[in-house]
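Read from first to last, the chains carry the letters A, B and C; within each, the first residue is number 1.
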Amino acid sequence: SAASASASATTTTSPATSPSADALEQVAPGLARYQREDLEEGLWARPGLAARDRHLVTLAHLVGSGQTQHLTTYLEDALDAGLTPAEVSETVTHLAFYSGWENAASAVGPLQEVFAARGVSAQDLPAASPDLLPLDQAAEAARAEQVQSTYGEVSQGVVDSTGEVLFRDLWLRPDLAPRDRSLVTVTALVSSGQVQQIPFHLGRAMDNGLTEAEVGETMHQLAFYAGWPKVFSAMPTVGEVLAARR
Amino acid sequence: SAASASASATTTTSPATSPSADALEQVAPGLARYQREDLEEGLWARPGLAARDRHLVTLAHLVGSGQTQHLTTYLEDALDAGLTPAEVSETVTHLAFYSGWENAASAVGPLQEVFAARGVSAQDLPAASPDLLPLDQAAEAARAEQVQSTYGEVSQGVVDSTGEVLFRDLWLRPDLAPRDRSLVTVTALVSSGQVQQIPFHLGRAMDNGLTEAEVGETMHQLAFYAGWPKVFSAMPTVGEVLAARR
Amino acid sequence: SAASASASATTTTSPATSPSADALEQVAPGLARYQREDLEEGLWARPGLAARDRHLVTLAHLVGSGQTQHLTTYLEDALDAGLTPAEVSETVTHLAFYSGWENAASAVGPLQEVFAARGVSAQDLPAASPDLLPLDQAAEAARAEQVQSTYGEVSQGVVDSTGEVLFRDLWLRPDLAPRDRSLVTVTALVSSGQVQQIPFHLGRAMDNGLTEAEVGETMHQLAFYAGWPKVFSAMPTVGEVLAARR
């Protein structure tokens, strides 16, 4: 059965399986069974969240928490599942701000390796300074005012960079859809235990098109990849956001 | 004195010393002294928590937080201190769910290396699907109902997997005692700052046989290995659990 | 422009740029632009916090969160910017206690490499047991009493080690100024999401000489390096500490 799991892992729709089923079998037979039954044949095959989105969530968790040991395999699987090189590139760029610069920087080496093997070149990637998506002026004014009043007394530098670099630049880059940026951001928040920041970004995610069913399965995906405790700590707040929008 | 510390580190009862005392002396003489006086001759020699349990806690913290650089040394020391290969294998399997899949997966390589060097083979390890320990039906029904009512509106998938994969499978695997699974779980919670999840799991740990003295020294062990701030943030909640049971 | 960014990165006042601008350009052109415009020419050039302090904060975040992939480059840059080998050595030693032993231990290899290349030897480093700074007896008595009453019922071991190892030893080591130890500690707290521990240590930092402007720019530096969510979660508490002292 290790061999069949290994074989199934080479198809483009199957989930990331790292380390190999054989390696798992050798040291943790239980873990190998969970990988096969509960990840490959279970979680990744469930409805409610597209396989492509499950890869986006998993990748965002791994890059955002600096877990690079098997990252090339996860990147290969994510590209096979339909994420474009441009989307992966922008996901890493987005996480520099939502998970810390060096977590993104630590993904650059694996990304170089995978892109080189597939012949991904500059023309496949986002421009450094593309034409930006239109800004929702009213929503941005409300956000800016809230951040100014909450944080301005502590650090005007943070307030200014939040507007200039994040909300009037990063979020408007066109090569990752706002809904996907939100999914990456919510993932980063759950993955790093930043529950307080969930209401704003989960509300924004749903404004950007994420559905209730997708939110639920994102939590399920993260239970396996970020661990049960972080998801259990996040879910009451997630529930409040969902309830308030019903 | 670096030489004597190095020598003592090769006995089977001494604690994990990574990196070597010599390396520490070269770049951080203070840290080398703390390792000798406060870890090796201090913390690891204290009563209240068995050396074997201190290794279990330390290993659970390191695997659960993805700190793999010196993991082979810690694994060697843990096995020398009396943890069995089957217990170590199950600890990693358990942490896949309580610290996130990839943290467990990142320990597989070091585990392969250490098991191979000691000739650990399949028959020394837990079966993929062993006969499970008996389930406490009443406690499980209460847990299931609480999780359903708290999280069911957010993600039925999480609720279902919590029951099917964790509490009616993982926790009942016989090759790591429930008390040890609880110790690993509480360690993972303190180590990742998930204080909200401590009451349930610490109560369960004590139901499973962990004593007050062991809880206190687990916090002490984690102060050094997970850092003072995480332990200080966890201890008020730990104290409430202890007080409520007195 | 990648070339000019690369060139500017070799001067002693420029910030840490890892990975290289060329590598970033190849996989994430947007991230390369942010590194150039918003880090190198932006954040690191701002007033309010000295470049040397920005390196101390950045280094403390990276070591404290185990992000070692580009650590030698950051160490080189920090030494070029004026941190002494003794200060860097003590920073790593300090973080063993405030970010967990193994995060400090994981920095020892990179530190050996950088010190060896620069011919740093034992006489450039702090003694294992130097003459300690004088202890503020009244402040220490108040701290000890508060810790005893809060945590004594849970773990007398933690209480004792907090006094003996941390506040009557580590904090009094003379090769890193108390103000710098506080800056390293506050960084570790924000970086690991330990907001509850901020009031005590931020108050102590300001007692030790850290200014309001420096606190604000430390938050700004950490927004980029530890990520926006951790800084947003910390800033309300930081603001309360600042307000209470005005």
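One rule holds for everything that comes next: a residue touches a chain if its C-beta (ideal position, glycine included) is under 8 Å from a C-beta of that chain, and two chains touch if they have at least 3 such contacts.
A quick note: this is a predicted structure, and the numbers were derived from the prediction, not measured.
Between subunit B and subunit C, the superposing rotation on Cα atoms measures out at 120°, rounded to the nearest 5.
For the pair subunit A and subunit C, the fraction of shared interface numbers is less than half, so the two copies use mostly different residues to meet. Subunit A and subunit C have Cα centroids lying 28 Å from one another. The multi-chain contact residues of subunit B, meaning those touching 2 or more other chains, are 66, 193. Those residues of subunit B that touch subunit A in the complex are listed here as 66, 68, 89-90, 92-93, 96-106, 108-109, 111-112, 115, 122, 125-129, 150-151, 153-158, 161-162, 165-166, 170, 173, 188-189, 192-194, 196-197. Interface of subunit B with subunit C (complex): residues 18-19, 23-34, 38-39, 42-43, 46, 48, 61-62, 65-67, 69-70, 193, 215-217, 219-220, 223-233, 235-236, 238-239, 242-243.
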